[in-house]
Each structure stands twice: as C-alpha cells, then as structure tokens.
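Next come two complexes built around subunit A: one with subunit B, the other with subunit C.
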Partner chain A sequence: MDETTRTVLQRVVRKVPATRLREVLRTWGRVPARQLDLLDFSTSKFVLFEDVRSLCEVNSNRLTLKHVCELEMIYFIGNPAQGVWRACHLTEPDDDVMTVELRQFKEQFKARLTELISNVSVKIKKHDDEAVWIRIAWGDHFHRPNQLKPTYVVHHLQTPYVFVYNLSTKHKPLLYQALVLATRHGSMKDSHLSGKSLTSIRDFLMRSYQQAFPTKYARPLQEKNTAPTNPNIEKEHAEQEEKRLQLACEAFGEGNVPRLETATYKLETRYRGSGNETLNNREEPFRALIKFSSANLLVSLNHCVSAGMAETPVTPLLSSITQKGKNYFVITDKGSGNSSQSMVQKK
Partner chain B sequence: MESPVTRLPTRRRTKSYGRSCFEASSRFAYTSGQLTILRIPTTREAPRARNIAERVDPEQVTLLIKNEWKLSYVTPLYRFRHTHLKKYSKHLSAFIAAEKQQGTAVEVGLETGYRVTFSTVLGIAETDEDAETVFIQIQSKPMFAATGDALKVVWSGWLTCVNGSPEYLHSLLPDFVSLPLFCSSGPENITVVVKSWFEKMFDCRFGSLGLDSTSLQWLCALWTGCHPDNNIRYLRLLWTLPTQPPLDVSYTVNPQDAWELWNSVRQEDSVDGTVGIDEVKHFMAGLESHFFRHFKIYLSSGTLRKVSTALGSAQQDGKVKILCSDYLATVLTLLTECAILKMPI
Partner chain C sequence: MMTLSERFPGFVRGVSTGGSISISRPGRDMDAARTQGVFSHLHLLERGALGLIPQEDPAQNDRVDDLKAVIHTLRARRDELRVQADRTRELRHSIDKGDFLDEEDYRTGENSEIRAALLTAKQTELKKLLKAHHLIGGYDLIETQPGKRFCVSLHTAYEGTYCTTYHLELDLTRTVQVVRHDVPPSMPLDTLVQQNLQTNLPAFLHSLSLHLNALTSRQQQIVLVKDQIKSVDVLESNQLCSVLVLLCRGPKQQDPETLVTLLYRDLTSELPTQVTVESEDDALPNSPQWKKSKTLLLDQPVHKALEIMNKTGVIA
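After this line comes the complex of A and B, so read on.
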C-alpha cells in the first residue's frame, strides 16, 4: 500500500462515525464479512485504522488508490450532507441529447477532462437512484492529483441538472467544458442555488414538494364547537389569518418542504427609505447585502408571513426563491438612472 | 418620533444591596443616598479619533483590543487599593490553587499552578473621578516546563471606568472604588473563581451585562460616524426574527452609503460634536425602511442581536470586540454607563 492510499484510507476511517464504519466496509466488499465481525469498532480510531489496514493488506495483496477512493465514494454517497452543494444548469441541448447513456458518458467525460488538464484522477460511479456520481482529484503539470480534497459532481443523465461539491474557481471552467461536451449541451451555468442538503436542493429544483396554488375560493373554515365571543371579529381575524397562510404557502410551499439554509440578495437599488430627501434624490444605488439564514429557510419564511411579521402579498423578491429555484440574487433598478421604482433581478 | 428612552423609568439609588449571603461581619454599611436619579443620556459626544498610544502603553493597548470580551457589571469595591496589586496577585493565585484542590475549578491541561498578575493600565481613565483601569492576567505553569519556557496565558480580564457618571461617583462613600465594567476572556470556570475572589475580598457583586438594542444602535451610529476618519469597511447588523425555526437576517451596508445615510439624518444644530438619540433612531429607521421596501418584513418584530464594523463588534448577550484603539474611550464610556445603569442600586 503506497503512501497516498494509506493517507486516504486513514482519512476515511477517521471521518466515518464508528457506528457506520462496519456497514460502509461491508458494502465496499474488500474485506470478508466474517473478518469484519471480529473487528472491535469501539476502540480508538487510531487502533481501528491499523486493524482495517492490516485486514486490507492480508485480503487483497494489491490494494490500490482506486479501491480506497471507491470506499470514500460509498460513504459520501450515503452521507452527502457534509458541506455546501451548488446547483448548475446545462443549457442549449443538442438534438441527440436523449441518447447519452452511462458508458458513453463515462468515456467521453474522462477523455474530455484529461485533454484539458494533464494530472487529474476521475472516478465515476452510478448510484441506485439513477444519479451518476463523479469524484475528481485535481493536480497540475507539476503536482500529482490531490486526493485529500476531491470535487464531487452529481448528475442525473438526461436532465439538465448538475450538483457540485467543493469546486474551486480555477477548476470550474475545466469541469464545465468537460460536462457540456460529454452530455451534448451547448453551455452550462450557475443556478445560484446552494444548500447543505443535496436531496433538498434537488427536490427544490425539480419541484418535487407540496405546493399550494392560488384559488378563487378560500378553503372552508374548520367548524368550531366553542361559541365565539364576538363572532364578527373572530370571523374577520380567522379570514385574514387564513389568507395570510394561503399566501405564505403559495410562496414557500407547505408541509415537508426541501431544506434550504440561506438566501442572499445583493441590493444595488436606489435608496427607498421614507422621509429622507437627501438619499431619495440620490442617483447612485444604496449598496447592501442581505442574507437570510435559518435551519429551514422556507419554513421560517412561511411562518414569518403567516404570523404577520411580514406584510402580504409576499414580495416577488422572496417568492422568487421557489419560483426561480435560486437562492442568490442580484437586484437592480429597472433601467438604471430613471425614476422607476420597480426592481428587477439580474439574470 | 418619540424615543423610547425617555419613557424608561429612572433608577433610584437607595440602600438596597441586600447581601444576606454574607455573614454579619459584612463591611458594607450603607450608601449616602445622595444620588436619586440616574438617567440614560439622550446625547453623546461624537467620537473623535485619538491616538491612544500617546497616553497608554501600546503594549497594554494591544492586550485590550486583541480579544472578544464577555461583559459583566461590578458593584463598587470596598477598600480596593491600586497600590496593593502585588498582594492581590499572590492572594488570587493562592485562592485559585485552593479552589482547584477542592475540585471546583476544572483542570485545563496539565498545569501545576497559575500565576496571576495584576497591573494598572494608566491613561484609559478620562476624568479625575474615574479610577484607573486594572488588568488581570492568569498564566499557567505547565508541569514539565523547562526553565526557559514561556508561560501560557489562559485567562485575562480587566475592570474599568471611563467617564463614569459624576453624580454616581460622588455619591459613593469613601473607601469604595468604582470600576463598574468587568471584561473577561477565557474559560468560564476561571471567570467564576476570579469573580468569587473579588466578591469575598472587596464585598462586591457581579452580574451579567447584556446590551439592549438601544445600546447596540448607539454603537452602530457612533461607529458609522467614524467612517470619514477611519474606514469602517462595512456595517453589519444581525436581527433574529421569532419564527419557527428562528430566522436570522444579516444586513451588510456599504460603508460609504451607510455614512451618507448617517450624515443625512444629522441635525443642523447638533453638529458641534454631539450626537442625539433622535438622530440614532432616525438612522436605524432609515436602514429598516429601505429593507422593508424590498422584503415587506418588519425587522422590528425581531431583536437586534449584533452590530459590527471593522472598528469593532458588539452582541446582545454582552460580548464585545474592540478592533480599533482610536475610539476606545467612546466605546468604553458607553459600556461603563450600561454597567452603572444595570447595577442594583
């Protein structure tokens, strides 16, 4: 076992919680299950690593980097919520875009990427749910690929969606170009959507969550047994509450919505405060950056509107999160320079 | 707009220390009762950049601006003498050692003992009434240290009073020294031991000091006002709205734009070096209404939790970081005042 293989194996053993390590090793299949059962997973990670290493060496006489990377991928595919995932969008599909199949994609992608950069190691694995997982370790002319900081890419074949984890700006154009060519598209761009949970941002983009749609008729009020103290006031309050809830659900979904953590707005609009002549007459924008964050942003915003902490109707700026499937926006005034008060979102 | 400050009840200073937890030999008599009213100021001096290094030892200044400090208030210290600092150093080290033996203090690594140093930071005090600032540093002696090894600083803290209310300071009985603001940085268990030593030695009481939204707004405005002299780089405000789960809203404003907004709310007649609470409230309302026009969310339904610029940051739970020593006096004046107001008098 060479030095890099050893280090990557050590990393994986350290990273995976002891309770899950047995399962991950079993799925990997390089060590017989019988021997795994004899391992003591309650010892320190240092001892555990030595045990796993010696087991690997006994069983497969040439354990290579490839095998260890596969182990890392197995764990990562099972637990993708470890950092920030960014969504990207493939655009301008070719006519034969639907004919792309896995083997062809694999070959094409690897070939294209190695044409662009000499020292790179790519590993592709197909997951049960039709997603293709790609692990890329980057190097350059003078350095071997850095196996400790790999980039992960998840792509569902025949869809325009790509999810990227841990990609530096330096490698971005290379990856984009290789993906565009391998999937037969014209270009690829950032969707301005990011989050910690891969499944959430995927469901969010594909809109697979419960949505509410505007209706002409309010939903029937629940029948109440208790006699209201003042029926008219109660009715009015209930109606307003119902309306706020309906609007909140239309804007942010209801029930079990995908988990997003942040939404960022870069405001480059003119000052809009009240009663400040000096700034209202100023031509230049009032530059500010607003960041909303929560453990579950859509639920928080929904609550914010339905509880009356925000005015209804919901501003297009906030409802754009679900409507456009983005959580990063740049906001400017329509036609900069004129006195129009409406805002536009830059593409 | 009526400022909420004027509606706050004034605080009365009567003899009500009420420390029954101390034995009958408590040296506390009663305060003279001269002070009856302590008001929250509605105007403040505009911050002026001053090179503090001219008055204070620069090495000591770096100690003060390096850390994030947790704030507490302290009631006046009985028979505290700036001339006895050496004695206090020895006392406190012995006290910590004793506490550690009893098992109250949790061990930090493999130390055999602590070395405590009390020192005076001359030049922080602004008026003759202000007592000089006292800085305390606790270093640990590792068990297997070679003679040349540097000691590791494990805890530091300081007591200060800057521009303390003269009415309040005059009303103190002789033998009392008021250093109302206590800042600490280090493990909580050591802070607890240091506080209990002070309480036993000087018959005083500590209490946690949070910063209400008015204090945070003051700091926000005062720091923004410094921009022409000292680039604030950004003005960042953090609100938390009480939704389920809580929604954090961080609002970062371009420094130049923030300053122009501040400049536009400054009133003509108050440019002579003072800042009024009305101006501060207008400034905040200006920021909030720009936000509202975009997002239709009422920031006032939440709480202002943190204010930060490149000059420093302050949090609602009483954590403060001073990153630029030029405005040390301004910030400490405000914090001293918060400490005096928070005290049970």
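After this line comes the complex of A and C, so read on.
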C-alpha cells in the first residue's frame, strides 16, 4: 500500500461515522464480512484505521488507490449532504443526444478530460437511481492528482442536468468542456442553483416534487389538529385564507418539497425610496445583497404567503425560484423594473 | 170463454218460445210472482212482451253520460298536449340551433318552464359527455385568470389503469406560453411548443399527450419487468425510459449471459425502435431463436416479449 493510498484510506476512515463504517466497508467488499464482524468500531479512529489497514493488507495484498477511491465514492454516494452542490445546465443538444449510453459516455469523458489535462484521475460509477457519479482528482503538469480534494460530478444521462461538488474555478472550463463533448451538447452553463442536499436540488430542478395546480375536483382535505373552535365564531376571511393557501401552494409546491436553504438576490437597481436624499440621487446603482435563509426555504415562503405576511398574488421575484429553478438572482434596473419593492416582508 | 192464449198471451208465448227476459231473470220474477201474485206478474210479462214498458236502464244511461264526459276531457287534454309538444319541438329546435338565450322570451315568461326543463336536460347531457370525455383521457381545462391563463391536465393511463396526471399552465395574453408545468424535464417539451403551440393548440395537446402516455407505458413496462421476470436484471434506464439495458440469463447454469439493449427513438411509441443483443458467445445473437426474440422484442411490449421468451426457453 503506497503513501497516497494510505492517506486516502485514513481520511475515509476518519470521515465516516463509526456507526456507518461497517456498512460502508461491507458494501465495498474488499474485507470479508466475518472479519468485519470481529472489528471493534467503538475504539478511537486511530486504532480503527490501523485495524482496517491491516485487514486490507492481509486480504488483498495489492490494494491500490483505485480501490480506496471506490470506498470513498461508496460513502459519498450514500451521504452526499456534506457541502454545497451546484447545479449546471447543458444546452444546445445535438440530434443524437438521446443515444448517449453509459459505456460510451465513460470512455468519451475520460478521453476528453485526459486530453485537456495530463495529470488527472477519473473514476466513474453508476448508481442505482440512474445517476452517473464521477470522482475527479485534479493535478497539473508538475503535480500528481490531489486525491484528498476530489471534485464530484453527478449527471443523469439523457438529461441536461449536472450537479457539481467542490469544483475550483481553475478546473471549471476543463470539466465543462469534457462534459459537453461526452454528452453531445453545445455548451454548458451555471444554473444559479445551489444547496446542501443533492437530492433536494436534483428533485427541485427535475421537478419531481408535488406541484399544486388548480383542479376541478375538490382537493383532499388536509388533516390538521386544530383546536375545536367555538361554533358561534364564524371565520369571516376563511375564503381568502383558502385562496392564499392555494396561491402559496401553486407558487412553492405542497407537501414534501425539496429542501432549499437559501435564496440570494443581488440588487443593482436605483434606490427609489422617499426621504433619503443621499441615496435617492446617486448616479451609481444601489448595490445590495438580500439573502433569505431557512432550514427549508420553500416551506417558509409558503407559510409567509398563506399566513398573509407576504402579499398575494405572489411576486414574480419569489415565485421565480420554483419557476426558473434558481436560487441566485441578479436584479438590474433594466430587467425587472420595480423589483426592489415587496421583497422587504419576510419573517 | 177466452182461450188461455188470449187471456195470457204473454205467458203462452213466454212458455212456448222460452226466450224472453223473464226466463233469463228467474230469481227476481219469481220473487215478484211470490209477493204480488201470479196474475199481476203475468200481466207484467204481457206488457213487457207488447213493448209497453220502456226498456231503458237508468244506471246504464248515467254510465254513458260519464263516458262521454271522459271522452270530452281527454280530447281537450290531447289537444292541449299536441300544442305543447309542437311548442317543445319548436323550442328544442331553437336550442339546438343555439339561440336559446333569447332574452325577450325569457322576460315575458313564455314557455319558461319548458325552456328551463329543456336547458337542464341539455346541461345534463353535456355534463355526461364531458365526464365520458374525461374517462377516455381527455384534457381538463380550468381558467385560472379569466381570459389570461388556464390550466390543462393531461391524464395518462396504462392497460386501463390511471397513472400520473401532468399539468400545464398556459398564458394567453400575447402569445400562447407555457407558464409552468410538471412535465418531466427530459421530455422534449420545447420542441413540441415550437411545433404547434401558437398555431394549433389541440394538436399540441395531442402530441404532448401521446408523448406522456408513451412515457408512462415505458415506465410501467419496466416496473412489470422488474416485478414479473425475476431472472432478468434491468441494468440501465433513464428518466425518459428511452434506453433500456437488460441482462438476461439462459435457462441453464452454464449458459452465457446476454446483454439486450432496447432503444426507443420514437418517443410517442411504447415499442422500441432498435434491439441489440450482445453476448460472450458471439454465435448466440445470430442463433435462430434469438433472431426470433429480436423481432418479438420489437413487436411486443418488453415485459410480454420477455415472458414469451421465458416460456419458450430462450431465457430463464
């Protein structure tokens, strides 16, 4: 076992929680299950690493970097919520885009990327849910690939969506070019969507969550544990409330919506408020950054609208989060004229 | 001396001919004879035979009068109904022609009852048609903002079972635009929009519905393959279900594994357009039974084709 392999293995053992480690090692399949059962997972990670290393050396005398990278991928695929994922969008598809197939994609992608950069190690794995996982360790002309800070890319074949984790700006064009060629598209661009949960941003972008649409048929009543109200009290605004709820659900989805944490608006507009002369007559646009953050942004926004805290009908600024599938917006004076209004109300 | 026949002509005749009324009603005459004496009865009979007693029955007369009255009222009723039927026919004709919203007629209240009934009947009929239209998989249209936006629901079904319902919200203000939708993103919606949306909405909806129904069919087929044919593994598929890679095993243990790739280039069809068979044994894909299986896979939904292949012993 060489030095890099050792370090990567050590990192994986350190990173994976002790409770998960047994399962991850079992899926990996390089250590027999009987020996795994004998391991004591409650000891310190240092001891544990030594145990795992010796087990690996005993069982497969030529444990290479490739195998350890696979172990890391197995853990990462099972637990992708470890940092910020960014969504990208492939555009200008070729005519034969639908025929891209896994084996072909693998070969093409590897070939293209190694053409662009000499020292790079790529590992591609197909996951059960039709997603292709790519682990890329980058190096350069003078350095071997850095296995400790790999970039992860998730792509669903025959869809235009790519999700990227830990990609530096230096490597961005290289990856984009390789992906564009391997998937037979014309170009690739940032979707302005990011989040901690890969599954959430994927569901959000692929619209695989429940969206509300008006129907002719009565919606199934949602069960609520509301306190029994006095029968003499009549709700005057029940109808409006119902309408607000419907509008909120139409704008932000209903039921189990994908978990988005933030929405950022970068304002480059002129200040139009009254009473502040210093801000009013400036030549320069008034630059501001507005950031909404919440444990589950869509649920929060839904609540704001249905409770009457934000105005109805829902402003396009908020509803375009779901409609455009973005959570980063740049708002200029030209684009959406009076956009700085109505964003002030929130929680 | 008078002969008996002179004295009692009626009696003799009655006896000799035996066909008079008195004979036919013996009970009552006998009673009369008993109470009033034979002669007075004979007298009565004689008078009867001579036609001196008026024959009319007062009860019968009453009945005739009654029936005449009934005929009269029925005739009147018939005429009334005839008029009404004529009027209804006329109204129905005008409603069918579409000018049933004649305000003036409404205000005068003329024929209002028939009109209302006819309209209700028409409405029920239309509702039933609409329901039938939904049942056979038509589109639901709902106006969300009057005159500006509406929402279309497209139902999909496979083998008689409803599957997913997809929605589109369309904006009509300037040009027809899709505002939002929950159609899977890999669906070539943009192409369909470019082709038809501005010019021919029904055609657009139809082609979209075809695409969606074919997608549902392919999805369901994969579910059925996974469910019913245990020996076959689904190795690869995608969101659009346009590629399906299957790993098939031969019926015997030592048989080589076969990789079957189905390509669905025609997205409006539930059947593949291309089938490739690969195996470690190079001769296998060209064997007659696999050649037959290939055509089978092209002609039949994949789960049915695999089932037949299973039965004929091509795969386990």
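Here is the rule we go by: the second predicted complex is superposed on the first by the 300 of 347 C-alpha atoms of A that agree within 3 Å, B and C clash if a C-alpha of one lies under 4 Å from a C-alpha of the other, contacts with A are read in each partner's own complex, and residues count from 1 in each chain.
Keep this in mind: a residue touches a chain if its C-beta (ideal position, glycine included) is under 8 Å from a C-beta of that chain, and two chains touch if they have at least 3 such contacts.
Since we're looking at a predicted model, the values are computed, not measured.
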item	value
Fit or clash between subunit C and subunit B when superposed on subunit A	fit
Touched partner set for A:Thr99, first subunit B, second subunit C, both or neither	second
Subunit B versus subunit C as contact partner of A:Ser300, first or second or both or neither	first
First, second, both or neither for A:His237, with subunit B first and subunit C second	neither
Touched subunit A residues, subunit B compared with subunit C	B
First, second, both or neither for A:Met206, with subunit B first and subunit C second	second
Partner chain in contact with A:Lys189 - subunit B first, subunit C second, else both or neither	neither
First (subunit B), second (subunit C), both or neither touched by A:Arg14	neither
Subunit B and subunit C, minimum CA distance [Å, superposed model]	20
Set of subunit A residues, in rising order, touched by both subunit B and subunit C	none
Contacting residues of subunit C [partner subunit A, same complex]	140, 142, 144, 151, 153, 167, 169, 179-186, 236-240, 242-243, 245, 261, 263, 265
Subunit C partner contacts - residues on subunit A that touch it in the complex	98-99, 101-102, 126, 130, 156-161, 205-208, 211, 213-216, 322-323
Residue ranges of subunit A touching subunit B (in the complex, touch as defined)	265, 267, 269, 271-274, 276, 278-279, 282, 286-297, 299-301, 303-304, 307, 309-312, 314-315, 317-318, 331, 343
Residues on subunit B engaged by subunit A in the complex (per definition of touch)	241-254, 257, 260-261, 264-265, 285-287, 289-291, 293-298, 301-302
